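Chain naming follows the written order as A, B, C and D, and within any one chain the residues start at number 1.
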Amino acid sequence: MEGASTRGVLSHLSLLEVQARSRKTQPQQRSRVKELKAEAEALMIQRDKLKAEIQTHERLQKLRMSMDKQCPREQEEEEEMDEDSEDSQLLRLMARHTHLKDLLHAHHLIGGYDIIKTHQGKGVCVSVATSYEGVCLDTYNLEIDLKPKLRISRHNVPPFIPLNSLAEQSNMQTNIRAFLDTLSRHLNAFAGRKQQLKLLKEQHKSVEVMESNVLCSILVLMLTVPREKTAVLCTLDYTDHTRCLPTRVHFDCEDKELPDSPEWKKNCHLLMETPVHTALLTMKKMGNIV
Amino acid sequence: MDDSAKRLLQRFMRRIPTQMLKTTLEKWSRLTVAQQKSLDFTQSKWALTEALLDICEENKWTTKHISELEMIYVIDNPNQGMWHAFQLMDPEDDAHSVELTQFKEQFKSHLSELIRHVSVKIKKHTDEAVWIRIAWGDSYSRPNHLKPTYVVHYLQTPYVFVTSLTSKQKPLLSQALVLSTRHHAIKDANLSGKKFTAIRDLLMRQYQQAFPTKYPSPLKEKNQTVSNPLIEREQAGPAANRLQMACEAFGDGMLPQLQSAVYKLETKFRDQTNKTMTEREESFRCVVKFASTNLLESLRDCASSGIASTPVTPLLSSIPLKGRNYFVITDNSPGPSSQMHQKTDG
Amino acid sequence: MERQHNSVVRTPLNSVVVQRRSKSKSYRQSYRSCLGAASRLGLTPALTARRLNTSRRAPKSHNITDKVDPEQLTLLLKTEWKLSYVTPLYQFRHTQLKSYSRQLSAFIAAEKQQGLAVDAEGSQSSFRVSFSVVQGMTETADDAETVLIQIHSKPMFAKQDDPQKLVWSGWLACINGNPDYLSSLSKDFICLPLFGSSGPEVLTTLVKSWFQQMFDCCFGPLEISHTSLQWLVALWTNCHTESNIQHLRMIWTLPVTPPLQITYTVDAQDAWELWSSVRKDPEEESEGGEEVEEGGSIDLKEVMRFMQGLKNHFYRHFRLDLSAGSLQQVSTALGSAKYSGRIKVSSDGKNCSQSFSQDTFLLTHTRKDKCCTNIFFLSF
Amino acid sequence: MSLLKPFSKLPGLNTANILLVESEEQFQQSLADALVEETAVTVNVRLAKSLPLPMENEESRPRIDLVVFIINLTSELSFQSAEASLKYLDPGYFLGKVCFMVTNARKASAPTERLDAVRKLAASLHCPLLFAEDQTPDGVANATERLLTILKVSAGLVPMATALYLSNLTRCTVPPDIDQPSFD
């Protein structure tokens, strides 16, 4: 008690008094313990809850794993059902739910394209199928490296489809789906135009194809008016390469008034709105061309 | 009929095999039925030439008409001479809307601005190819029809195929092409060969490529020969795998008949068993040429039979992938872990 | 093997037919065994008396121009020769060359007139054949002197006074012949086992059939084996310091469909540096107790190491194993050799020379300044 | 490394199983087609490019009675591949259940050294060395005949004969002078 010798007896006494007073508050402390105990209990309950949640999650995970692995063999899974069937059924449902959600997400990401992993997961191969009027046409493939960044390593898209500039424009790195969608539109439109040209050549022997190109973006046809036997040069411009229909239709004829006639104006609309081979069929039926 | 027309016809007759003469003349469609009948194709070439010369004389046909005939023959038989591929670069916005008549006019006018004496003939083939025949002269001499340059271009594509072009004519043609196709530049595509169809198909991707799919590949089905149940191939799996990889690298089915590929290697000699050479500063210079009647099919067979290891080295798969058959290979950096790097020659 | 030959010699003279047949057969056997071909029978070890060397003397300075007329030598250079082997010639005399010239001319003329052989080149014109001896194209005393045959003719549309042109040439040689074998032959036989020809095939066939009729001998194609070609690759490269080989070119064929041909051309200096890096240490060599000669000897192992080095470099780039294919042709500025048995020795100087032999095939090359010749021994 | 063992499985009734190993996979097919024509016994043929054999076939693979290494003498790779495959065989096989078959030995492009190397290899392993002609039907028939003879013995189908006994009679020997240079 160093303090006592230096500060004096009185101060020491008062110190003792304070100490004695404080000893009286102990019953209050006891209630504090109770409080803490309750808290601990609450925490324990929470822990058990979480534990149960983890367990559920783990089981869910396990179920998901097996689900991912043997997707097509669902019956087998049902056989290994646990005893507490209600619980496991719920779990199963939950697992299935997450599984479907993931699938949906993946499907959404790739936009419904046929896609598979290559090179042990270092790349993917995307197939873009084309069709026209319900007829399946060529399928195009892209092999894409995933790392360090997306890069088209190999493909069989014809060189007149500007693949690289499409990839750049649609921001392939961040939005592969937008890129694939644009590409698919280009390819489908090209396949459609090509198919139209093929059908036109097959179905309309009397129509002469004066000009076309590999992209099928320009079509010049020689049509003949039945009675007068005048020749009409019909130019179809497909400036929008993502569409199968022309953006401009133009007629050239010796008879300068013919393109302005109501009949041919109607033909012009027809060609703008329907595929060329069907439009020509209609025109033939109407007696506008041979 | 002037002398040059005569010589052109004589040269044409020397080049064309007799059995092709009849169909070519028919396609030319300048001879009347009577004239056509008067020609006896069993005669000697010399006699046929004389007869044709007479007909030409009669009709006062000039080099213009004869070069037409030559062009028909060349279009039908393009696999002659040495073809080189060029690639158009940086298209302008309207490059996609260039159409034939516009291209024809532009090309002719651009070329004749660059050189006074030049004769250009442009013809579109049935497969959408635009064929251009250029007879070059210079500022003092008339176009020489005996040594024409042939150029093939598919509108809207970046590729141009050229045969018999001298280095003097190259800049002229390049400029005319760049301007008339609405591009900014043109470069050598490092692909050349005797077979025009091969280099065209390779660049235009007009051959069957194989891609990995999740469906049973037609490759496997094709190779499932009905075999005796007593015979079993132990390594059928790896063999199928090799075939798949070979097809993915070089293509499936019939492949473009590319006949050669050349690699100029200037890389360090690295061999663990040879310290002296590995430590040598300079690179080991060598030239490797692969040649075959169908190079891609040969290489595919190499890979599928295991002579070449799979996966196929990028050096070889670059031939179809990049559409090139000339490569200069140098080491990326002098460091020990430097990667092989492909560099185009200038 | 000697016993075999002796038995042939001892065959009674009255059974000529038998003697002939057995002679040519045993000769072939002996020759085949010289080529190491008899060992291909695999299970008959008794026949494999002779084998290829695994080590050779290094190129030795040798002045062949001292022995051989340079003018005659130039006739042998820069031409691609198609090689054949020949069985010993019966009753061939170096003194009768003039008469042989006349006889062969007459023979060719007669054959041509029969219309058996079709040759656009001067079927009307007469052929002038000349036999000559190339003095000094031998290595040992037992070797018979080399015989050069030239056929001159006038082109079909040539004028009367135009000079006759050389249309065909060929030679028969024996250099460094095996003395055991040579001495086992009867005196009536002259051994000139290597035949080189250059010119229209029709004339080659005629010359061969004349020899067959006159000297009762046989001809057969002589291919250059894979190993011999590899030897040449090394020997030529080894020569680079003395005479620039400009490049080392090897052509491989791979057995795929369609066949793939690979031409591998290596810069001369780089090839030489690789070669010297695979040569074994001279000291190491002497430790092994081998003869220490100036220049040392070249070991087959070194050749194989060199080839392996070249193949490894190739594999590192193309991942394609050249071992799966076969070496078809090798060439440098000094000459070329093909698997099909065609060889050519080119040179940049006047003093280059070459000689050929039965077991040893000597390709020689002379340096302009020193006028010395390197002789490469290469056995088939 | 999985060794192929000669006695790890039970033999089949009147059955002989042969394994043809050839890196080029050319000749083995025609040989196999000819081998299975045999009517006296059932011959199962397994084809391989090289050894070791894949593990997944372990179950279905019958007991192999004879291993044949086919070596094309014109190809260096063919020899190297066969040499590398040898170490995947159980030593028990070398008691008469391995043989070497060489093709293209008559071609001039085949270097003699390679044949010597094959002979040394066969001799050192006490195996027979057969020569075959792969281009002609006759050659294939001949080779088949010879293989069948050995196969029947090694499969234990010939009374009074064992593989070891036969291989003692047929094994390749090397001439004593094989390494002697001829001259120089």
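Heads up, the rule we're going with is that a contact is a pair of C-beta atoms (placed from the backbone, for glycine too) under 8 Å apart; a residue touches a chain by one contact, two chains touch by 3 or more.
What you see is a predicted model; the values in this text were computed from it and never measured.
A.B. asks: By the contact definition above, name the pair with the higher C-beta contact count: B-C or B-D.
C.D. replies: B-C
A.B. asks: How many angstrom between the C-alpha centroids of subunit C and subunit B?
C.D. replies: 42
A.B. asks: Taking each chain's centre as its mean C-alpha position, how far apart are subunit A and subunit C in Å?
C.D. replies: Centre separation, subunit A to subunit C: 73 Å.
A.B. asks: Need the CA-centroid distance for the pair subunit B / subunit D, whole Å please.
C.D. replies: About 48 Å, centre to centre.
A.B. asks: At what distance in angstrom does the C-alpha mean of subunit D lie from that of subunit C?
C.D. replies: Whole-Å distance between the two chain centres: 37.
A.B. asks: At which residue positions does subunit B touch at least two other chains?
C.D. replies: 305, 307
A.B. asks: Please set out, as single numbers or ranges, the residues of subunit A touching at least two other chains.
C.D. replies: There are none in subunit A.
A.B. asks: Which residues belonging to subunit D are in contact with no fewer than two other chains?
C.D. replies: 24, 77 - these are the residues of subunit D that touch more than one other chain.
A.B. asks: Classify the chain contact graph as line, ring, star, complete or other.
C.D. replies: Chain contacts: none of line, ring, star or complete; other.
A.B. asks: Let me know each pair of chains that touch one another.
C.D. replies: Every touching chain pair, ordered by label, is A-B, B-C, B-D, C-D.
A.B. asks: Give the list of subunit B residues in touch with subunit D in this complex.
C.D. replies: Listed in rising order, the residues are 228, 230-235, 237-239, 305-307.
A.B. asks: Using the touch definition from the top, list the residues of subunit B that touch subunit C in their complex.
C.D. replies: Going by the criterion above, the answer is residues 263, 265, 267, 269-271, 273-274, 276-277, 280, 282, 284-295, 297-299, 301-302, 305, 307-309, 312-313, 315-316, 329, 340.
A.B. asks: Provide the residue numbers of subunit D that touch subunit C in the complex, in ascending order.
C.D. replies: Per the stated touch rule, the residues are 24, 74-78, 80, 102, 105-106, 108-113, 115-116, 119, 129, 131, 172-184.
A.B. asks: Which part of subunit C faces subunit D closely enough to touch in the complex?
C.D. replies: Touching subunit D: residues 34-37, 39-40, 42-43, 45-46, 48-57, 178, 223, 225-227, 255, 300, 321, 323-326, 339, 359, 377, 379 of subunit C.
A.B. asks: State the interface residues of subunit D toward subunit B in the complex, per the touch definition above.
C.D. replies: Within the complex, subunit D touches subunit B at residues 19, 23-25, 32-33, 36, 42-50, 53-54, 57, 60-61, 77.
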